[in-house]
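Quick one: structure below, then a few questions.
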């Protein structure tokens, strides 16, 4: 697999450790989300007061579930993208590091929106964080596509175009959702929940995987 | 392994990263449990006072150990389930993500029951969390069995039926244990400790593994 | 590797995920230790006051480093033990889960001894925690040796005997160190630091590995 | 790969688990950094007050991003170093454990400098922590080079010399940056950000990898 001429120009980094490190960061970011849900003070409460206090934790649980799916979606796409590759160059490593930096940051805006879900700046900040993460994924996508997918003709050009539109529309939909907060905070929050759920549906790359197999 | 005709209908996702990500979440969820055990304030205490304060941490240690085994049991079963598979489809990924979301949430009710083990709503909440996790595992089980195990006849039909009963009875026993809290909180807690210990015993799938080898 | 007759009695579990999960717990337990080191309050302090406050963190750093090496030593031995195996049975899984439960618990006594290093019960508690972890490792050792190593004659009997003494003496030395706290707390702490450092030296199994290769 | 004579002197430890454990620690250390960013208290604030309070978190975000890249750089180099090896001896394991101990400690000075970025001792402490981590990496580098790279002539001598200078200059530049804090704290901080960014550029080993392939 390394005998072809053009691989000489691209240093090989074992995909194994690259994926192990990335999967580690995804798995930890997703699991750390729960730490931000603080236990309410239930000492000296009756059962019904305790139930009421536990119900107040619901926004935290919602922001936990939303961010869990957001990171899960990025992980699934990351997974599908590198499925086609055999080698990773230094630029991919660096862009991937920036993407992971965004992903590992998500627990912070998640904690904020769980606590202050009615604060306009917090709701906008949450959306912007997810949009920036999406743009970092786009940078990875464009680099990998131009460097490996096109060169080696791993996927037909038409599919790449469709998938590119799909990939770009991800962070843009977060930008739109974030700016709608200036009209209605609740509308933004509904969109924050819907967008990642929508991206859980089979993507264009998956269908390609399915057809290629 | 990919040349057979029927694989064409099922997109392949490398089981490798699927398992690495899942194992990561299991391992982190289990290890994060300890963070919820807060150190008591031992400044200006005599030795015997310090011993008394350390002993008050015991309920936390018990809830730590119980949740550790609960997650361990889910991990062992997850392990045994995917032992038979070679490929994972998008639906499996999504259901698995929901299961991991439940697993990663467990540190939260664990912290609560360690702190407020005599509060009825907290005890019920703990049991419900484990039941929901169990139902998520059931969803994964039913999907994998109907999509892969039955299609490819990986395990004899009779064994599948027995294992299904075993799998369904897991969350139901938590539901029963949780509802018994309305009669006796201590009874619930005893059951919460016993149920996962029981499931540590060799399961039906294991015996199957043993016979097949 | 599975055609021999006697493997039929032992269910196979892929060593891969067993090790991945274990390595995950070891890696997280070791990295979580740093969370317990709290930042001192340095607002409104002069530079020399800030230096003094930072120096007060030293006991925490010492307990961090000690527990890091303790867990590292268990990991290295775990690694050497399973190096010889190809299959894991249910009992191994369960004992391993108990060992990981002890390992993942270590950040708690570590935080305590970093904060209350002059408290007799805390110093004893730290030593007992490490001793219990050591005994859990012994349980794993004895099971693996009797079930796999002896059956398959992976290592000469003489080496197994030497390594067993080495393995038993590990938790016993912690028990001795913990009980010496009743005479001198500082003596215990010095021993807590020395014991794992001593076990970082090449062990009997390693020498065996070296000769076998 | 094990039949050659000289391997007999070096005990083999599977590189697999060695890398899995190391990658785990790197991934967790990097992801834990976010935990140290505390949410500001935004209750009873107007939108503009909330924005002001969120902007005060910026130093934390900067220290988060810097330490993320610092650890990422160590990981990339670690990755490139072990790319050439097939076996790991006990000394490598021990030095690696010390390196990981330094890496896993980085979230602590990161939290401090995010909170007290104008305190001279804190700024010096941050630089010293990164310098010590760099020296630990140097120890690993020198051991691996003298034990494996030179013996097996994996890389030409000339490249090794260049890469050694590159490796030594890493911790020394942190020492210089830390000592410049006595002249200007801001200068140190600018250097702390620039040094790891500089090391993200392709290193000498990478170029070697590229030429060898």
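The letters A, B, C and D name the chains in turn, as written, and every chain counts its residues from 1.
The definition used in the following text is that a contact is a pair of C-beta atoms (placed from the backbone, for glycine too) under 8 Å apart; a residue touches a chain by one contact, two chains touch by 3 or more.
Keep in mind it's a predicted model, so treat the numbers as computed, not measured.
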item	value
For subunit A placed onto subunit B, the superposition rotation in degrees, Cα atoms, nearest 5	90
Numbering shared by both copies at the subunit C-subunit B contact, with half separating same from different	different
Inter-centroid spacing, subunit D versus subunit A (mean Cα positions, whole Å)	25
Centroid spacing, where centroids are CA-atom means, of subunit B and subunit D in whole angstrom	36
Residue list for subunit A, restricted to those that touch at least two other chains	20, 24, 28, 32, 35
Contact footprint of subunit D on subunit C as seen in their complex	19-20, 23-24, 26-28, 30-35, 37, 39, 42-43, 45, 47, 50-51, 54, 61, 64-65, 68-69, 72, 75-76, 79-80, 83, 200, 202, 206-207, 209-210, 213
Subunit D partner contacts - residues on subunit A that touch it in the complex	2, 7-14, 17-18, 20-21, 24-25, 28-29, 32, 35, 90, 93-94, 97, 100-101, 104-105, 107-108, 111-112, 115-116, 119-122, 125
